[in-house]
């Protein structure tokens, strides 16, 4: 507020706004997480902590996961989501790893926002992530089976898997280690899907409200209602196929 | 890594790079911090916690506070700094407020990067912040004296101060509350200045290294040395004038 | 291509890409066109020259006015359109103003690209322009009638019209100058609308091609066909309502 | 100005501002200029036309070539320069190619602005362009000698020159075609350098004015004076070394 001859420096700030009426994805990546020695190929508690932090983000920032609207200012949106995720990750750590005192360097994250112009591209983005999850998990399951159960070095395991396709990796797992990849947990094969679950009738109202939003901005009282509706919703965590239409047809309000 | 027909969505990502050879400031703001009921007008422990988190950021990210270089990718730079600050803020909370259990909503932050083209504008930016700090603190000191010691409501205090200049606020503090503003702590009047302090001879090497950097990129081994030099440096916290030249002339390596 | 120690400067270039699968509008404005003394309130030849240049842009850049695709690089898209428009404007000038030798300062233009996320917002953009055209033209018609026929100074005319609504301006035109605004040329009331008109059956093929484009990029041969289709199309210039649905329903291929 | 429900679309416009107190280069490229069949390896009249258009840009836009200031809005700056260049290029064509009637497709240009943070990087940029000019011109001179005088096909000439260094090309030119590359015109070897030349004493005033500008914005009357000073200056066209310091030391006002 203070008036001084130095204030001209404010003019160096640049606002990058995100295109309105689009779908914004904020992607968060852990920084140097190999330092934390999570179990290979998957650490159930590490994933649980991630989901707990993500659930907290959805609870605290109602606009998130509705896909648009929280803010059109790039920096503010991304840093708010990353900061909230980090705060809960550090806060919940002792609940998930009570035996491992958290000491510096602490777990931190970076993030970026990506704008998708319509629902089809957004669905393709989510499908891409799920395909990626499957392929990476199959690789990691085979890789760590070769290392942990097969006694190979990491370099040997890498070489063994070079050039193999999915069928080969399934075969390695089954014939050498008696592991049927299909029996692996859905959480590892499908990843984690979080969404709001509304009570009877509330989902329709939320959808109508956001459809209207495309026509004209919601009034403050409408926005307050929408926000209340969302904060009453429960956050569901599932590990299911989101590539096929079924998931979306049964939950039309998510992209509604 | 997985190849799938959905991968085209990657093309929607946009990289905003920051102009090289400039001075980058990452500004971090607390979100809705009124929720945490810090003491008025200044909360010594709240400030201590902030400084502890900021010190940790400088310790963990060596490139920070050297002013440039950590990354030219906007999102990655800003979210990394904000995430690291948040992690330490939440982590250190129990040390500073042992009697106040941290419960959701947790403290979170947003941030933005601003690019300044040269040292002069950067100094003006820092001067602007310090002038702002002084003027806000004088206002807040007078305001909370009127409320806490003078028995005024917040609205009455606001009205009382409307249109007053610095001399008026000094006078109110002195004549009504016996407070000599000049005797207030430098931490409140000058704010918090963090910088790296090198051992004998190391500062010159750090400067030379970064001057060369302007000519040609440092080699990996030079960068490693520079990084080691910085991680051995101690982080100094002072509350002094940074508007006049003296501070900078005595510590030429900071903007060197 | 030359390798030299100066090449690092290339790294200062920034590419701003436009969001794909959106509708891009390039808006072109004349710079200081008051210098050219066009007739008031409308100069038929000036408009004709504008339309000739715009038609040439559509003829020369087949992707333009199909709304997307010419390039996702902001600068290249905008400067190409503005440069092509300028070239034809200067080139066609002698045909429209044979008696007025073009001398420096020559007519020049600036431009900007705006990205709209979907067809609805694009239609709203076009509606906004047409409403603006109508309201400005009514104002200008009344203003210049007061000045040219009514003998008022420009300041007096401005004052006379301050605070008037459309009905008032219609009344002024009718009662004082016997002008029925409804009888004015559609070109001034509705503006200029340019679009491609395809021969029997070709529009459907063009639409199908671009719908497919939303699914997957066109192959080179498909793009060549699409380009040929467009270059055979004639450029239509009309002055009709584009706010109501009729125009678009009769020409589904334009936004197809 | 018209108020309508469609006006919300204005909010989709984005302003990209250029960092202040930096050096802005607008680079202009001809689009598909092979269509115009200029003489190989260099077309003196084609270059003359280019220089005439560039000189007109400098005359018409006083802020250009002083390096900063014309506008901090990216689109407006770039499109204005490109449009002005295009207008004069088309306008001057008949003076340079009286025997070649200009017919569509007309010559057009695209452009981009690049921001350099300080004088050193700007000088490196200009050095890069001049090194590039020299190397390309040596290649083209040898290539077209092989084709036009040596009777090779373009493919054969390309193969002949693959892997050669400067000395090899000089040797080819000299031993096969009796051409001493050093005797070639400076315009082809050094490129074209345009700058403002002030009358006695005026350069100092222009420099002082722009130095002050770095401290505080010029007042309107100061800017008017500066503009007048520039429009009285003559535009010099030279073909000299701009890599070494001499050029800049003799003309300190250019980057002053």
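Which chain is which? They are A, B, C and D, in the order written, and residues in each are numbered from 1.
FYI, contacts are C-beta pairs under 8 Å (C-beta built on N, C-alpha and C of every residue); 3 or more make two chains touch, one makes a residue touch a chain.
Molecules present, by chain and UniProt name: A, B, C, D = tRNA(His) guanylyltransferase.
Since this is a predicted model, take the numbers as computed values, not measurements.
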Greatest centre-to-centre gap (Cα means) from chain D (tRNA(His) guanylyltransferase) is with chain A
Taking only the C-alpha atoms, how many degrees of rotation bring chain A (tRNA(His) guanylyltransferase) onto chain B (tRNA(His) guanylyltransferase), rounded to the nearest 5?
180
Just curious, how far off is chain B (tRNA(His) guanylyltransferase) from chain A (tRNA(His) guanylyltransferase) if you go by their C-alpha centres, in Å?
30
Intercentroid distance (Cα basis), chain C (tRNA(His) guanylyltransferase) paired with chain A (tRNA(His) guanylyltransferase), Å
43
Per the C-alpha centroid definition, the whole-Å distance linking chain B (tRNA(His) guanylyltransferase) and chain C (tRNA(His) guanylyltransferase) comes out as 48
Shared-contact residues (touching 2 or more other chains) in chain C (tRNA(His) guanylyltransferase):
12, 14, 19-20, 115, 117, 121
Which positions of chain D (tRNA(His) guanylyltransferase) touch chain B (tRNA(His) guanylyltransferase) when the two form their complex?
19-22, 115, 117-118, 120-121, 214
Contacting residues of chain A (tRNA(His) guanylyltransferase) [partner chain D (tRNA(His) guanylyltransferase), same complex]:
11-12, 14, 17, 19-20
Using the touch rule from the top, collect the residues of chain D (tRNA(His) guanylyltransferase) that touch chain C (tRNA(His) guanylyltransferase) in their complex.
1-2, 4, 6-10, 12-14, 16, 31, 56, 59-60, 75-76, 78-80, 82-91, 102, 104-117, 121, 124-125, 127-128, 131-132, 134-136
